[in-house]
Amino acid sequence: MTTTNQTSKLRMALIGGGGAGFIGKVHATAATLDREADLVAGAFSSNPERSKAAASEFGVPADRAYGTYQELLERESQLPADQRVHFVSIATPNFTHCEIACAAMEAGFHVVCDKPMTTNLDDAAKMVATAEQTGRVFALTHNYSGYPMMRQVRDMVANRELGDIIAVRATYVQGWMHGMEPGADQARGAWKSDPLKNGRAGSLGDVGTHAFHLASFATGLQPESLLSHMQSYSKHHELDDYGHAMIRFNNGATGMVTWSQMTHGRLNDLAIEIDGTKAAVTWRQEEPNQLFVRSLGQPTKVYERNPGANYMTATASAACRIPGGHPEAFFEAFANVYRNAFADMRKVNAGETLDRAASIYPNVYDGQKGVRFMTRCLESADNASSWKSW
Amino acid sequence: MTTTNQTSKLRMALIGGGGAGFIGKVHATAATLDREADLVAGAFSSNPERSKAAASEFGVPADRAYGTYQELLERESQLPADQRVHFVSIATPNFTHCEIACAAMEAGFHVVCDKPMTTNLDDAAKMVATAEQTGRVFALTHNYSGYPMMRQVRDMVANRELGDIIAVRATYVQGWMHGMEPGADQARGAWKSDPLKNGRAGSLGDVGTHAFHLASFATGLQPESLLSHMQSYSKHHELDDYGHAMIRFNNGATGMVTWSQMTHGRLNDLAIEIDGTKAAVTWRQEEPNQLFVRSLGQPTKVYERNPGANYMTATASAACRIPGGHPEAFFEAFANVYRNAFADMRKVNAGETLDRAASIYPNVYDGQKGVRFMTRCLESADNASSWKSW
Amino acid sequence: MTTTNQTSKLRMALIGGGGAGFIGKVHATAATLDREADLVAGAFSSNPERSKAAASEFGVPADRAYGTYQELLERESQLPADQRVHFVSIATPNFTHCEIACAAMEAGFHVVCDKPMTTNLDDAAKMVATAEQTGRVFALTHNYSGYPMMRQVRDMVANRELGDIIAVRATYVQGWMHGMEPGADQARGAWKSDPLKNGRAGSLGDVGTHAFHLASFATGLQPESLLSHMQSYSKHHELDDYGHAMIRFNNGATGMVTWSQMTHGRLNDLAIEIDGTKAAVTWRQEEPNQLFVRSLGQPTKVYERNPGANYMTATASAACRIPGGHPEAFFEAFANVYRNAFADMRKVNAGETLDRAASIYPNVYDGQKGVRFMTRCLESADNASSWKSW
Amino acid sequence: MTTTNQTSKLRMALIGGGGAGFIGKVHATAATLDREADLVAGAFSSNPERSKAAASEFGVPADRAYGTYQELLERESQLPADQRVHFVSIATPNFTHCEIACAAMEAGFHVVCDKPMTTNLDDAAKMVATAEQTGRVFALTHNYSGYPMMRQVRDMVANRELGDIIAVRATYVQGWMHGMEPGADQARGAWKSDPLKNGRAGSLGDVGTHAFHLASFATGLQPESLLSHMQSYSKHHELDDYGHAMIRFNNGATGMVTWSQMTHGRLNDLAIEIDGTKAAVTWRQEEPNQLFVRSLGQPTKVYERNPGANYMTATASAACRIPGGHPEAFFEAFANVYRNAFADMRKVNAGETLDRAASIYPNVYDGQKGVRFMTRCLESADNASSWKSW
């Protein structure tokens, strides 16, 4: 458990998040959970009326509720340094991420961006270039890697406690798409069914990329090639809502990523299993405080999230706020991405150089990797599930 | 999922919480989680140096870090209404709660107080009287009743979905006391072993009262009599660290409350089982998003915390912030106590009358009940475990 | 995993078991599971017609289906040694156990008897005396102690892997009594509601004694005194169907035995938790292949039933028939009681002396202990739950 | 719960099973569990000395312990009808199944055969033809389909309680291969690493076929095409020990079969998930008494194996021997395959015609399907994981 330097709070603007979805509120809560930041501005909706209305809900003063992200960037840039926001959080449809994030970084703001980073590799390259050129912090909310026990896994792999990695299976299954009706007005994520706004990757982009990121985050392995088969079973859209990707990693390990938003009654079941030559681990997002570690002939060990316990790595302990048995969950994991990005923002703000590659939070390169994953999956699925080089 | 009126934030002062324990930080995080309040002042320690140091950690400006609670109350009272705190949160040793809470209420502040409310029935009566006389909000952080699925249970009992209640078993087991050494300087809760500071109820007060409160909260039943047997197994203190209380409730139901801080490897295992004539339920704090509902001949039903699902009651849904499968946990439950107390504070601040009996958050009468529970348990244990009238 | 000497099979007679209940068939299957015995005779019902009918179901030839246990004992005694049964298994109502078992032992047969052993301490003493005088094997089917992982627990306690035992909680909850109607013809265990046939201990005798036996079996502790509170919540009978017994063991440990047949939807939920000064364990009959071992600051260890694994004791491994992950369950545990009793029967048959105290299967002294437990619970409940010396 | 006609016991011979493995004893115990059969003969080993030694362990008289299966078939054929065996159970290496089973059927014996049925499609066709020509019962011990809750799933699918099936994921992971050393003398399944004895399918044949069978059994779907990727990670052999097969079923559903014997610490973790348009189910062999049924917006339902409960289908109830909460496991499921095959044997013995297609136990066509599955997987893996028509 760590305490943070509270000497000065960072100021946040939220772009998007004013609609029926919940992710905007998650960003607001996660960013302020450790009292390291205040939400002080926003362009909550592309509809200016709705943006103003949302501002009051978010506790943002009316004069800093902007009608567009452009207005936000422009007006905030003109504020004195001790008032203007330090960073923007982007919770808009996928196809807008690149444009907004690049503009924000170019205007000097750090960026926290929802996933997937964008819908195509050209955009992804542009975002990488802009981040590098501007030196701004760019964090992608693959929030599930913020869970302490996933950081524990990453450390255990790095410390070779699992030996060589031979296989990874990451599965992300939900069932809410069974509740959608073709043509009906969708409260949640209507744009997610529109290829123009969402990109061509349906559930692949919505949940598959999370699963892929978790596998990458935990193992550090690079795909060499992958193949994919995906289907669209729901009647209300054309995009994939069920699929598998098989991966050959550069060390010879086999990966399997499974995604579904058509598994009845499943809520948000992201799970990962990693097989090594010395031990294997399993973790499940819906019971995030426990990590199961198995080794031949030994009892299964349940590592409880428990900061300071001997078996916990320093990084995993640092991602905890309270003792074991006092469960931490989704908000706290999400807040860990913010907390770590904040540390980098403070460094950059203090004139230090950013060591982007060392970030434990998902960065712009991780985002690019996710876009590559989606792209290769679609290419394989379009070509009789043949292997595609990474 | 509800959104809160963010028109004006409440201002909070924290009394205590500056030591090695974690509960002060929990209060700060929980109170501000929904961005309904800001922590702006504190008397974090009885040691003024330490209080100042803690202030910076908590993000509280040095000029509002006070050396004593008396100073805090006095100085804050003198501030203009639009600056002074609205409420104080008390996270100090048990024996100080009465004195501080009464002084705060008399000074016009609302109070959020850690549990147990106090160490004896005289104090408890005084706190009830002071709350009634001053009309201030008094909330006790029996935080586990803030979990959505416990509120679901309470509603299900009230709606008679379980039929008549015939038995309740509440168990709270921890094991951390095995890590304490007699005489060693204790980082965590040293005062908890000192009868003068803690009161005579050891683990009974620390965890047993939580379990008892949960049983009361869920069932609404009143004890008619109880008997208790408790022991002190740890070498480092004289107070009970293991015990049972058997309860005869006013409707004839049987209650069993079990507490332990000597169960090796258990972290914070609070669990409750309620048997009714139509159905039975079980819930466990360490996996708080699931409620198990059983009825003869039917499949066991797992009610997932899932706001808006048909099976969820309105109160339970209102206690959620995010959809099912995105687990909420300790902080969010703790924050629910604050959120509900805030609604009452806003009412009182707006001149409305407080309907104390209707509060879903634990109030001063619940606190008094907890003190009565401890007192009767000790009396029974002192008298060969004989039944004691409530 | 052990293999048994199959040189000669033992011959079994079943007394009772011909009614609607399932326990007779369990005895038949468990006794023959290892192909160490054949069921060759029976007095399946006090109704001779029904006894004959049951014989065919059990695969017993008509000429060895007897109308009464007296006839069975007499006629079998007259058969040549290489045909007559070696032992009788008693699956009749509780109040008949003493009479049948004593007669059988006096006629030279070994006895396997259902629990509780009998309904009162006088009978129990008579059974002990008869067993001692006749030198016959007497095994009581507290079958839950036949589970490999419970034998593992017993060994771990004996090896002091848990340190000193400070507390034991054994709970046995079922809910089937909610399905019974007052006055209706009961398929299952009608006599269990009749104090004359069942004895005064209702659920206490039916399930409470199992829980108590498991606690005794695992810890080897002797009660010094106990108190009890029990209730009758069901409308269809007068006997207890819910209760608790609090125990002070001779080493100062605290015991809690909970029994219920009124917990809606619970099937056969026998569970035990043992707290020691070095570690604590939990086990649950409905998931019998796993044992949870906890110790402060260490991961929870799940000991899987896995014969030959390093962590398994020799006795626990010997109680397994197949490798870990191939679950063994109720029949196999029940069969372990038979298997161990068979070893003693073979010894006695071969002229060796019986070391009754060393038996891992529940013996006549364990049965007597169970009757004492019921008796003391009833005495305490009759006397305002006061402590009763053991 | 059903009772079986016990009028005459069937006589069994076991071929194989005399080595270090456990599967021979499983056959013996499962076949006799319901006291419907007696094990009276055997050719336990290709080594005649070892065969005789094993006979005594199995309780088989020395004069019916044969040195070869040929001798067994010949000598048993010559015995009078009321002495000779009715069926043989084959527990020998895969490559011998075809030869033995065909010879046995041609000699007039029914056959129960271990899986996979054989190593190639030519053999499989021969076994199908021989079964059809001889009219003998042929049962394959894909024993996991004998679990009551898997039969429940099959019925629920057939009754369209899940709606249309859109996806199936079957996973079978073990870890014991980590305990094998290259070149060392292997106690367990040494022949399983020898392509000449085992066939080319390594873990694919050992566990993958079980997973595939379960998916087929439960859904009744036929593959249209499949692709596969498999690897050999263990140092001690050339055969696959890890792999995935992706299946396109004839109704458009997606299947995924995962097999591993290199997942550290996993024992025998066979699990299946089936997604339908109305509900989804999950089941896991290591906790076989529970079936999880999920549907959007409803509580997860845990169907406990509980014969006679309203939610249980007749077939599932008939596969139970004892009430819910009294767990049944591996032996009982295995015994269900025997029990159902026995009913067919009795019919054939009584001159009735065999309705092979209606068998709930895995039959010769199921075996052929399993061989086709292995063959297609190997073909795909040999051809860059391209889709292969079924």
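Every chain is named by a letter (A, B, C and D) in the order it is written, and numbering of its residues begins at 1.
Note that a residue touches a chain if its C-beta (ideal position, glycine included) is under 8 Å from a C-beta of that chain, and two chains touch if they have at least 3 such contacts.
These figures come from a predicted structure and were not determined experimentally.
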Option reproducing the contacts of A-C, where over half of them reappear, out of B-D, B-C or C-D: B-D
Chain pair showing more contacts of the two, B-D and A-D: A-D
Gap in Å, rounded to a whole number, between the CA centres of chain B and chain A: 34
For chain B paired with chain D, centre-to-centre distance based on mean C-alpha positions, whole Å: 55
Gap in Å, rounded to a whole number, between the CA centres of chain D and chain A: 43
Of all residues in chain B, the ones touching two or more other chains: 266, 293, 297-298, 300, 304, 306
In the complex with chain A, residue positions of chain D that touch it: 162, 166-167, 169, 175-176, 178-179, 227, 229, 231, 233, 242-244, 246, 248, 252, 254, 256, 258, 260, 262-266, 273, 275-280, 293-298, 300, 384-387
Complex contacts: residues of chain B adjacent to chain A: 1, 3, 6-7, 9, 22, 25-26, 28-29, 32-35, 39, 56-59, 174, 266-269, 285-289, 304, 306, 321-332
For the chain C and chain A complex, residues of the former touching the latter: 293, 297-304, 306, 309-311
